Amino acid sequence: MFHHSKDLQFNARVSRPDPVFANILLEQFGGENGELAAAMQYFTQAFGAKQPHPDKYDMLMDIATEEFSHLEIVGATIQMLLKGINGELKDAADASEIMQVLDGNAAKENIIHSALTANPHFVMLSSGGPRLANSQGIPWCASYIHSNGDLTVDLRSNLASESRAKLVYEHLMKFTDDPYVKETLSFLMTREVAHYKMFEAALDTIQPNFPPGVLQADPRFTQQYFNLSPENSFEGPWNTGEMPGMGKDWELIEDPITFVKVTDGLTDLPDRKAEETEETEALNIKMSEEKSAEVKSSEPEGIAQWSEYSNEI
Amino acid sequence: MFHHSKDLQFNARVSRPDPVFANILLEQFGGENGELAAAMQYFTQAFGAKQPHPDKYDMLMDIATEEFSHLEIVGATIQMLLKGINGELKDAADASEIMQVLDGNAAKENIIHSALTANPHFVMLSSGGPRLANSQGIPWCASYIHSNGDLTVDLRSNLASESRAKLVYEHLMKFTDDPYVKETLSFLMTREVAHYKMFEAALDTIQPNFPPGVLQADPRFTQQYFNLSPENSFEGPWNTGEMPGMGKDWELIEDPITFVKVTDGLTDLPDRKAEETEETEALNIKMSEEKSAEVKSSEPEGIAQWSEYSNEI
Amino acid sequence: MFHHSKDLQFNARVSRPDPVFANILLEQFGGENGELAAAMQYFTQAFGAKQPHPDKYDMLMDIATEEFSHLEIVGATIQMLLKGINGELKDAADASEIMQVLDGNAAKENIIHSALTANPHFVMLSSGGPRLANSQGIPWCASYIHSNGDLTVDLRSNLASESRAKLVYEHLMKFTDDPYVKETLSFLMTREVAHYKMFEAALDTIQPNFPPGVLQADPRFTQQYFNLSPENSFEGPWNTGEMPGMGKDWELIEDPITFVKVTDGLTDLPDRKAEETEETEALNIKMSEEKSAEVKSSEPEGIAQWSEYSNEI
Amino acid sequence: MFHHSKDLQFNARVSRPDPVFANILLEQFGGENGELAAAMQYFTQAFGAKQPHPDKYDMLMDIATEEFSHLEIVGATIQMLLKGINGELKDAADASEIMQVLDGNAAKENIIHSALTANPHFVMLSSGGPRLANSQGIPWCASYIHSNGDLTVDLRSNLASESRAKLVYEHLMKFTDDPYVKETLSFLMTREVAHYKMFEAALDTIQPNFPPGVLQADPRFTQQYFNLSPENSFEGPWNTGEMPGMGKDWELIEDPITFVKVTDGLTDLPDRKAEETEETEALNIKMSEEKSAEVKSSEPEGIAQWSEYSNEI
Amino acid sequence: MFHHSKDLQFNARVSRPDPVFANILLEQFGGENGELAAAMQYFTQAFGAKQPHPDKYDMLMDIATEEFSHLEIVGATIQMLLKGINGELKDAADASEIMQVLDGNAAKENIIHSALTANPHFVMLSSGGPRLANSQGIPWCASYIHSNGDLTVDLRSNLASESRAKLVYEHLMKFTDDPYVKETLSFLMTREVAHYKMFEAALDTIQPNFPPGVLQADPRFTQQYFNLSPENSFEGPWNTGEMPGMGKDWELIEDPITFVKVTDGLTDLPDRKAEETEETEALNIKMSEEKSAEVKSSEPEGIAQWSEYSNEI
Amino acid sequence: MFHHSKDLQFNARVSRPDPVFANILLEQFGGENGELAAAMQYFTQAFGAKQPHPDKYDMLMDIATEEFSHLEIVGATIQMLLKGINGELKDAADASEIMQVLDGNAAKENIIHSALTANPHFVMLSSGGPRLANSQGIPWCASYIHSNGDLTVDLRSNLASESRAKLVYEHLMKFTDDPYVKETLSFLMTREVAHYKMFEAALDTIQPNFPPGVLQADPRFTQQYFNLSPENSFEGPWNTGEMPGMGKDWELIEDPITFVKVTDGLTDLPDRKAEETEETEALNIKMSEEKSAEVKSSEPEGIAQWSEYSNEI
């Protein structure tokens, strides 16, 4: 159950209207790396986490709720950056001071023209408020969020999401010189860094967490690096030497076309790794048992109830 | 700023898993008339309402927050209806009891098969949790919501939204016989009715509220009913007699093709309504002044601050 | 079956090209509140209305057909506002007078540059004609329309749609000073008001029409107003006093967190309203019978035929 | 201006309800190759065609109007195929005969279950009517249509659209054995073939119509066929012998990697075709003049008016 | 299996940055008629073509691979047109030379401002690189492509696609005066013409290829031209005289409303064409047998293997 | 420039048709975590990486090209799983053995019915081939991919993408018992693990790589953990003790509502961290200079050329 306090988490202020900046700030209101995307991602992940991992559920709901609160800060800032537009639009009978949009020579070269240029929807659809869309007018879409029912995957999705959101705030800060807005952005950007560290710490408490999910990598296909763009190639720790944390070496396939042909499409590899394959299968069974039991044992028998209300069921 | 309490607003319970119903219930989680759509619609409308209409802002935030809480109830119910799937999927090495998806004759005719049939994403993407999508897998999209910066319009959008959401819950109740789920749906359906009445009452406090917006209808074009599908036509209060609450009569154009031709595309109407047009223009100016002043006077001069923090700005 | 007359319903004219206005006018051609959205909404609703409510079917088809005719007016206006672009683009070998888009210092500072700035698709994709997209280039999408197979719901959706469309035309009128275009917009805006009144009158002929659909509200959950954003709260007819037209009083829950806890998630409410619940159930059965019979009895037995052709079937 | 006659263009009939077929038939109501897509494609193309090519405008509007009429036929057929669902849903208090969706053992194994399985939206959202979506629930979207402001391109888009629509009807006919439905589909499929021939004939009246648009192909890059998937290659008239209707031969580049390297990325081709390039440039200038003049000369000076109303402007 | 060579197929160069042109060039990177659309269309079509038509499979993969290579050229050109932006954005602490986006009076009137105006995502999301979106920011979407599993249809879709892509390049060439960019565009435009000819030649090798698909047109409904927009009508080879290549004459229905009524919705046509119908049915059976056998006989019995690897299966 | 070899990278085989599995496998052809998403993500990222980081460019193109090759493997497998459908559909005149879709009692209970049930588009649109859509028919969309022009962000996006893709393959393996298909899936799943390790190693070569981007976290807002879902809370390394790798401790805000109020919306924090803020600003300037110089110095002056062709420019 959610509650709302009319005080913002951060005291957002704006020195003067700026429709151009309001428009690009939409990116963090209704954009792919914005606050709604973050809030809905963690909120949706939390449902699956609740029973097997109540501690992670608690963390996901804490952070999701903070992201909703950030969404409100961003929306409030956009609304303040568009001050004046709603009032102008309500002056609907303004017949004497006709605006000339085409040639821009109008006497009334004002906030409403800036808004129209920055984002036609500010004057046509939202009447000077935030829209749940990005800076190019694309409505927010749930395909922006990732929630896959496995914390070793979901927490990694979150590390990536926080990284992207941080970068967008960093870029946004270049396009305003309003010290109040800059301070709000600095707060929001920093919280993405803090959340990153929370998710990193949480992922570290799950061991093993690699490979993500349950199954191990198939030893026959783990080590090859296929040099499929072969000219001007570089060597680096991603194709040469030891695979990080895997206890194996990379196997650089210099000429993949030939290699694939001679191995009959990788089905006739020189080293069939029979022993490793057996070990992998045993590990798969062990991991399956453990991970599956972890979930199943946390689910109550019989009628399910979400909250801990006292009434008998 | 939002806060979260781990207790649901309503004590949602589920007797037994039911992936088919979980799938159709997605309609109210990530669908066009669902709880996120309602929550985001009122939340987005609230930004513009805050300064000129703090009472409506308060109401919109109260209801938006309740809708977020309903979203949580729906998500929790879906999660409970999918009990067992996540655990089955983590049993990833399950090599001995191979499933035969094609012919359905498998020994293991279980929950995971039901889920796959009901919604492939339950087993491929969400691993047994809610997705922010509708019952056909379409990701939730912000084009579902309406927020236009004018309460005489926004509140009418809300009356329509609540009507649709109520109807979907009514239909959902036909497809479950789980008494706990039915009770939850009855609660959710009823709250849509309650919200409808709240919005109706709020709209009534704004006078005049018709036509929505500021400008009056152009008297030359208000009364005609164009009979454009002319066979087997019916008369009713929508084309005959008095226009409701307008003090005018409908003017039924039986043969629009001819009427349009002889009036040179309605530019040469028999009754030019010169007097009424003048009155309308005067009323437009008056309404513009009032409505515009209402907004402009509520906006503070100088630096804008959203919350009422005490520090000087 | 549709027919087309080459004369527009309104004699649309344009004084001079204006790509900026053409672009924002797209909002009513291919936007969420535009003419196609209205036309398709009523057209789609009409299918379900035909048999039980042939009078409403007639009205929906009359208005849908008018909206198609308005779509044509809007498209024609956009085309006229873009006069010159198609011809310029066909001058494809124009090698001597190269355009410098970047710095804008080109000698040929003409209509095609205005179009490019207003909407790149005017020069890249539509070659100077209307696109079925909104003013930010988002293609028209059927998730804009609402058609739910119940007139008490559909007609309310239509009241909201007409309200929004009216507001957009009001805003559009501020951005042109072409008297011909203004007159066309005044016509189109006014027709939205007229349609609003038609739908209102039609809804009023269906009694009872509240709650929308068939089922009554559950008396246990109808009256509460949850004060979920509790600071600086306001009282109004939406949370205090009588619920409009319901013969009941609002019940303002000042502290929802506590209330929910002590009522075990609203399952242990102080007043269980047993008698009212019984009455409601009886009413539900009565309404179900009536509404269901209304539809079923209107459907012919045996082979279905849509039109009233005379041939035996 | 559009008009509507309540008689369908074809006397659509249905022997018995069939929700499964209703669902796949949605493909031609709200799908990418369906009737709305066709109608909107030709309708949108018509705006640009009106002045320079009034004969093609007439044809496009004739066919667009027929496609709207086909959309109505498809919608009516879907509605008839779903007979019974709306009535069942209105029987909302149906408490005694609870449906068991999960295991399908319900006594009431009826039309509404078939509908739910075929398309959840038939029971949740449309209540037994057509939705403007395809057979998988994707809302119709204007990115399905092509309208590019040049008849040599638009008519080719139409040939492709008619071909796809014809094929879908052909496939649909395999999935019904209702002779009335089959007859309707046969009519609709055949009309796509007829329209194909209309567009083909119209394209043929424009000479030259190849290359589409105005500019000629650059002679340096016209003839090469790059054999980029080189194994098991085939020769055919698409890479060997004469290019159809071009008076040139294909130039098959057997080893594109080497060819590109030795020609410095095709900038140092052996045959620079200086003479042909000059001719091409001359032809470009000539075509530009003609095509551009054709459009420009058809546009009236001064105030633009769409229809031929008699009033002076 | 794909391979990549770091050399572009064409030596793309750029004289100077130009964010405005970079933005409109996105149309061919991530737009509906762009290179990814072409590549994915032919690539997807190729799967179905492989077994019955290995020669067409070879051609489709050759051209698909060329289109991927063109996608790379377009992306590289956009990246070069945005030179400077990524470096500017990384200068994130740039506190002294604050940019004033609103009034544009900033001292630093540079590339980054041009980019922001041209496309906010260049500075917010892509940091100065190409996005897989069109010039209005709409993400690329697979509903742009057509792949229907029948070469008589697919090749026609390709003729239309190439026509549209050619036209967009023609338009793009008007908006740059950079000779290097113009040359690259000339190369890309010309290749669309070359591909058109390849597809045309391939379609011609399939006989008969009309009507597309298998079934013949129903002789009862093939010849009528419905004059549904009857005023100011034109006659042309699309409604008068012989249908091209069909050996039949058009039948112009001057008054479709009456015609439909007197024929009972076309079910009681004067000429029932019994003989032709019989011939058509015979031809349908013959074509079905041939076309079906062509596909079925090309599919191997038993285990399917895609590539021609030598290992026994 | 791309090239294609007709041999698949892995020798994909299929024992027998299985439309149900073909449909869920679409998830990795045209779904959000599928092979096209991976290929396009790395391909798009590569453009920005090319000049400052040619080694990472090489790696990104190697892996992107492998993902395109995997897309081909998945498409080929789907095509083989749908064997028989295309041939059946071409048997279009099949009049004697009518299919009864509704009740499923048809004599011809065959592959085509399975396909229709699994995915209507297999029989309506793709005629038995892969569609660029996910398992619920949603067309692939570029909003699935992340490319942000900063390797410290992009490589983290890739770690998350590979994690999700790995999990989907793990789930897919539960739904087939065809040993050939299982082997292909095991190959594809394992390659995601291998790619994960490549991206991890590459990220590690960039130091420092945290925070992602250029700017440091604002020391005033870095350490707080807001306990916004306060009941049944847990402590863990994500809110208690040391922040991983930051040399600072978490600061757990137990009662955020009060904390925010007393700090005036966090603008009046007890510890203003003046010294740390100064250090951070110095570090921001240093990092900006370094990162910016790294990019700018790698960009050539004057005319830009993508490939290393020898011709003078």
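Per-chain numbering from 1; labels A, B, C, D, E and F assigned in written order.
Convention: contacts are C-beta pairs under 8 Å (C-beta built on N, C-alpha and C of every residue); 3 or more make two chains touch, one makes a residue touch a chain.
What you see is a predicted model, and the numbers here were worked out from it, not measured in a lab.
Undergrad: Under the document's definition of touching, what chains do chain E and chain F have as common neighbours?
TA: A, D
Undergrad: Please identify each chain that touches chain C as well as chain E.
TA: Of all the chains present, those in contact with both chain C and chain E are A, D.
Undergrad: Fit chain C onto chain F over the CA trace and report the rotation angle, somewhere between 0 and 180 degrees, nearest 5.
TA: 180
Undergrad: Tell me which has more C-beta contacts between its two chains, A-F or A-E.
TA: The comparison resolves to A-F.
Undergrad: Indicate the whole-number Å distance between the mean C-alpha point of chain C and the mean C-alpha point of chain D.
TA: Spacing between the chain centres: roughly 26 Å.
Undergrad: What is the distance in Å between the mean C-alpha positions of chain A and chain C?
TA: The separation of the two C-alpha centroids amounts to 32 Å.
Undergrad: Where the CA atoms of chain B average out and where those of chain C average out, how many Å apart are those spots?
TA: Comparing mean C-alpha positions, chain C is 12 Å from chain B.
Undergrad: Residues of chain B that contact two or more other chains, please.
TA: 1-9, 11-12, 32, 61-62, 65, 69, 89, 92, 94, 125, 127, 136-139, 141, 143, 148, 150, 167, 170, 173, 213-215, 228-229, 232, 256-257, 260, 264-265, 267, 307-309, 311
Undergrad: Could you tell me which shape the graph of touching chains takes: line, ring, star, complete or other?
TA: Here the contact pattern is something else, fitting no line, ring, star or complete shape.
Undergrad: What chain-chain pairs meet the touch criterion?
TA: So, checking each combination of chains, I get A-B, A-C, A-E, A-F, B-C, B-D, B-F, C-D, C-E, D-E, D-F, E-F as the touching pairs.
Undergrad: Inside the complex, what are the residues of chain E that reach chain D?
TA: Residues in contact with chain D: 5, 7-12, 32, 54-55, 58-59, 61-62, 65-66, 69, 138, 141, 143-144, 146, 148, 150, 152-153, 156-157, 159-161, 163-164, 166-167, 170, 173, 183, 186-187, 189-191, 193-194, 196-202, 204-205, 210-215, 217-218, 220-229, 232-234, 236-239, 243-246, 256-257, 260-261, 264-267, 308.
Undergrad: Can you list the chain D residues touching chain B in their complex?
TA: Where chain D meets chain B, its residues are 1-7, 89, 92, 94, 98-102, 112, 116, 119-121, 123-125, 127, 136-139, 307, 309-311.
Undergrad: Which chain D residues qualify as touching chain F in the complex?
TA: 18-21, 23-24, 27, 31-33, 114, 134-138, 167-168, 170-177, 228-232, 256-257, 260, 264-265, 267-268
Undergrad: Looking at the complex, which residues from chain B come into contact with chain A?
TA: 1-9, 11-15, 30, 36, 40, 43-44, 47-48, 50, 61-62, 64-65, 68-69, 72, 75-80, 83-84, 86-94, 125-133, 139-143, 145, 147-150, 180, 213-215, 281, 284-285, 287-289, 291-292, 294-296, 299, 303-309, 311, 313
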